[in-house]
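These notes are about the structure you will find just below.
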Amino acid sequence: MTAGRPDIGIAVIGSGSMARAHAYGYAAAPLMWALPARPRLVVLCGRDAAGTQRTARVLGFGDHTTDWRRAVERADVDIVDICTPPGVHAEVVRAAAAAGKAVICEKPLTASLADAVAAVDAVTSAGVLNAIGFNYRRLPAIALMRQMIAEGKVGTPQLWRSTWLSDEFSDAAAPFDWRFDREMGASTIADLGSHLIDLAEWMIGPITEVCAQSQTFTPYRREAEGDGLTRVSVDESSSALLQFAGSARGTFEVSKTCVRHPCDFAVEVNGTEGTLLFEYARLNELRYGAAAEPRSLYGMRIIRAEDPVHPYAAHWWPIGQGIGYGASFVNTAAELLAAWPDGPWEPDLRTGLRVQQVCAAIESSAADRRWSRVPSS
Amino acid sequence: MTAGRPDIGIAVIGSGSMARAHAYGYAAAPLMWALPARPRLVVLCGRDAAGTQRTARVLGFGDHTTDWRRAVERADVDIVDICTPPGVHAEVVRAAAAAGKAVICEKPLTASLADAVAAVDAVTSAGVLNAIGFNYRRLPAIALMRQMIAEGKVGTPQLWRSTWLSDEFSDAAAPFDWRFDREMGASTIADLGSHLIDLAEWMIGPITEVCAQSQTFTPYRREAEGDGLTRVSVDESSSALLQFAGSARGTFEVSKTCVRHPCDFAVEVNGTEGTLLFEYARLNELRYGAAAEPRSLYGMRIIRAEDPVHPYAAHWWPIGQGIGYGASFVNTAAELLAAWPDGPWEPDLRTGLRVQQVCAAIESSAADRRWSRVPSS
Amino acid sequence: MTAGRPDIGIAVIGSGSMARAHAYGYAAAPLMWALPARPRLVVLCGRDAAGTQRTARVLGFGDHTTDWRRAVERADVDIVDICTPPGVHAEVVRAAAAAGKAVICEKPLTASLADAVAAVDAVTSAGVLNAIGFNYRRLPAIALMRQMIAEGKVGTPQLWRSTWLSDEFSDAAAPFDWRFDREMGASTIADLGSHLIDLAEWMIGPITEVCAQSQTFTPYRREAEGDGLTRVSVDESSSALLQFAGSARGTFEVSKTCVRHPCDFAVEVNGTEGTLLFEYARLNELRYGAAAEPRSLYGMRIIRAEDPVHPYAAHWWPIGQGIGYGASFVNTAAELLAAWPDGPWEPDLRTGLRVQQVCAAIESSAADRRWSRVPSS
Amino acid sequence: MTAGRPDIGIAVIGSGSMARAHAYGYAAAPLMWALPARPRLVVLCGRDAAGTQRTARVLGFGDHTTDWRRAVERADVDIVDICTPPGVHAEVVRAAAAAGKAVICEKPLTASLADAVAAVDAVTSAGVLNAIGFNYRRLPAIALMRQMIAEGKVGTPQLWRSTWLSDEFSDAAAPFDWRFDREMGASTIADLGSHLIDLAEWMIGPITEVCAQSQTFTPYRREAEGDGLTRVSVDESSSALLQFAGSARGTFEVSKTCVRHPCDFAVEVNGTEGTLLFEYARLNELRYGAAAEPRSLYGMRIIRAEDPVHPYAAHWWPIGQGIGYGASFVNTAAELLAAWPDGPWEPDLRTGLRVQQVCAAIESSAADRRWSRVPSS
């Protein structure tokens, strides 16, 4: 450790692409913020010993293992950062909480509502800091959108529009893997949609009722080896109507079958006084139209959300240079570490549970073909 | 009449902005197409005598009246073109059919399903040519989109996305007029949404079930004169889930309360092999992404739908110059007049009725808060 | 003639695509404006008798001829509208002026500076109304741009940027025709660049010096018939530095060899207080950024130049519907006819001559490879 | 050091925003690449002791100093990375080379051509690895653009278009600092333009002649303290015509006085067979239009340059997530460290000198108001 600046030991459970994104966040955060403590990548845990070793080395972890329980219980670990498939999240959260570790968990919180409740109970009982990985909250333009809504820049929100279009499942010949398994991979509603639901409730307020439809266009996929077919148990594409507390209404769509949409998500709010629109393909920008402006200037403006007055932007590059996806993890790591060890951390697992309640209502609405009430959180 | 090229006498009923758009179409169509007959603007009918006279003169009508029945029955009128508020359509259609005139009727066909059935019955019994005003079908980029779907350029359609965002009703202080009256103005579902439903069924196929929500954020509006308040009986914003015959699903949203969206409509299809996206704010373009293209070129292309090989484009300007809204009326007038007097004309009132059945199902679904089945047409 | 509203007889000389655009303007202008007089298409003149007859019939001309002198001298012709290749303009202007007719002449005014001077002298001596076809001035967004500059919305203009990229000559195998002949087709500098120079001087002020380069990448083209090759005598692509009176500077580029640019022109001004940017591919929009606005809103706004408060827009469609290329001709016809018979008309042939002086300076600068001074007009 | 993976000691000279960007590159590169060696941030050198200490600590340097000569000569330093104002570059390069250190130098290489020659001589004589900071070469979309040109995807390049618009100097009230001093800050031609010239020669080939104009709209600026005025000795805005070896032509513009352009750079090539266009505001995209494609698909495609088949992209995030400015430094650090210690490194200081020769020719052309020949490199 650097004198006067304690290290914070981090175990990352899971060694895939999210682990790399989180490691990136820990590596870069200290350069962009004057943090009181420095993250130390203690141990990486994966299933395949050799691959985990290689990844651990590249990402700069001091150690590696295939035994996540051992990683979680190490004395030099302060934070357990969970990047496994969703079906495994709850068990790791519970173990980490039991070991008195702070928890950072990727979204969706779990693959079942019961697991999500158990995870929240575990961290609450243990009294450990905990955070859920809704990283897009920490993109400057998204954070600015929320701030402007809170400041009344659109008046009273009336309509919300949210879509996430990808082509991850477009190839019907792609073999079955855990992402197509409801128990392990949760659902497209939860995988992509949890971000959209989190943003909706964070910006607009509680969703009270939903009505949805889901479709799986490729119901069976070949197994990775052999000639067998396995049933796909997740939705590929889902859409929903949303009713918020009050009179605001919304729409929601997630899909992994939209050819040549790599990862195009968009959220928009229309209020009594203005419109705000964010499109991820232009992630450094925010569109804004205000009813009060003169007709001679009718239209929307493109705010380039990189000015030092904008959220997070002062920690980054000169205006116009642009940040990318990675910055959301850097900003997340920085804000969580900056609040170490007293907290609070947000959004936390409770938020993750709340979002999952909405996702569960969407899923059951699609199954039952009727409106579903979302329990108040 | 010009030698060898007969005039076709046209009465336009209604003297507002749609009348002007139709007159524009009749004026310009003969210049862009080598038509077998020339339209002659015989008579314009409006409510206000002085205003109708002025408008008739500017638009080039030979005569004007406030008595629509007399206009419809004139011997020198071949086509009755109906541009009144929707609540009046059916009665004019019936009178025109009874007089043996061809009918061109603006959308939505009527304000009630019963009226729509009556209108279709009237033209069917009379055996007169008839057309409904789904003008956007005749924008080059929209027509190209439909053609490419029909040619299999997106494979099997799986998802459909359609939105129409405007701010026509955003000002809560705007006084009550017929547009806020369900009996006269139909609904936002019908006014904006009929275009979207028509395009959906034209491009993808029959819609079988819908589930919807509607909202009227400003339930009362002041009367144009005096201190009174009148209840607004139309929806201001509605959204719906759509199920098509087969497995395709869709979304639908129409709104007149989206600040700084003047008239932004967009339709998108995602099929097994490709994506097509049209946005009205860039009406000369069509976005297209094909799964079969090499990964090195991953993304969508912007087709500039103005090449002579594209629908309608050979009748217009050199590529890159651009057409606007007016061209949809010119193209409509040209194709209808080109088919004079034998037809067929399309889309016809039967299509208008079919679209209205879907709109009615959306409306009742929103009222009942459940999925509604659309009758097969 | 309609009672109280005299007809204005028009002869159009030239029967190609510009003739069609002008006829479109005359046909539609009376519908969009309450004009004091109605244009009547008296005679169309072309080289090929049969083709001219067909075109005249479609466009609605009362008569047709291959003898332009006869057309010009007809008693029932009030305005001679010249849509021939540039190399023929001057002779027709002189004859029309001699016959006491008003003149509307497409750009560029002529193919040589001497001819341009002669044309201006002719209309001046004859005292006839005259106009040059800088139609883009009458696009709403372009007119708004000029208005905002004049109102000081960008402060003092400092930089000007103008490009016109097309691929009209990209196919090196396309055969020689008059467009490749300097004597008949003028130059790319004059054909495309005259618009850019006109806008530059209209918006910013006089250009005093230029420095340019030109290139003809395909120096010989095959003849339309036979095996021969003909030397191309026009520039295909040219660019220039511009110095305005005062300290403002600019750039200029025109090209007909830019693959997949159909007709993409753009003009931008940067002043002490703001930026305005117009791109023809989005012709209903104008981008505007103002230095005085708060940093929290940093960026440009997209003005949708279709509000009734914007130039020309009140004569067109509801905001958001969009106009196209044709509207520039409608607006031109309307404003010229509205000023009939007293004038003034603008821009006139003198403006055409002025622009041609700048184009000539650009051409000679490219030939001499040095800065050229532009005579003050 | 990690076993089997040696550390490479790095001294960064200069403690401003470029130092931070470089440190970011060193911190993140090892996570994204499996590098043979790990960079170690040994020492940061700045002018202000307290500020440098703070920055060194945040950025993770082991030590800090205000004496750059001592930093350069440390035994544990392998690479001297120069992030000072341009006027200081040459002296540091010479000292580093003399100490046998590898050199990474920000652009522009120096503020004078003589200094640039001296810097290249120093590293050449010393035989040390050396690199110049043309970081944008290592953006995926830029690298893809160059690759596609090299593969013949546009045919023979004919036209090149390059602009860099910023508003860094737009505020005429901003006080004088070293950026306005030609001796220390070089010029806008060199600061922004060196990137454009580097890309032009890298993609198209040698520039042989240039003709330019420059303007300084605010010739005097107030001193940071007191009432004095200091003359601004740099250009604020410059533009140039470019002639390449062969027949290709180009344009060039750099400006720091374009209101509401934060850092908008764009480069485009038009070849006999296609067009490629890159705009920094959409840095993950590349536009491409090919003449050989069918007219029915006429237009440009938007390549999302994030597929694993694209340059650098396999080291980053899933397609559609997007990278930002920082990635250019990560990619640079990774490729230089991957080639440690044998090299080669590119682009090197010789490239920096070459670019500076073109910039010098542009500068002298603007001063002399005539075409300037660029020496062949």
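In this document, chain identifiers A, B, C and D correspond to the written order of the chains, with residue numbering beginning at 1 in each.
Here is the rule we use: a contact is a pair of C-beta atoms (placed from the backbone, for glycine too) under 8 Å apart; a residue touches a chain by one contact, two chains touch by 3 or more.
Computed from a prediction, not measured in an experiment: that's the story for all the values here.
Following the contact convention of this document, C, D is the list of chains adjacent to both chain A and chain B. By number of C-beta pairs in contact, B-C leads when B-C and B-D are compared.
Using mean Cα coordinates as chain centres, the one most removed from chain A is C.
Chain B and chain D have centres, each the mean of its CA atoms, that are 54 Å apart.
Distance from the chain C centre to the chain D centre is 41 Å, each centre being the mean of its Cα atoms. Work out the mean CA point of chain B and of chain C, and you get 35 Å between them.
Shown for chain C are the residues in touch with two or more other chains, namely 261-262, 298-300, 304, 306, 319. Across the interface of their complex, chain B is touched by residues 154, 158-159, 161, 163, 165, 167, 170-172, 211-213, 215, 217, 237, 239-241, 243, 247, 249, 251, 253, 255, 257-262, 270-275, 289-291, 298-300, 369-371 of chain A. Contact residues on chain C toward chain B in their complex (touch as defined above): 2, 5, 17, 20-21, 23-24, 27-28, 30-34, 54, 57-60, 166, 261-264, 280-284, 304, 306, 317-327. Taken together, the chain D residues at the contact with chain B in this complex read 285, 288, 295-304, 306-310, 319.
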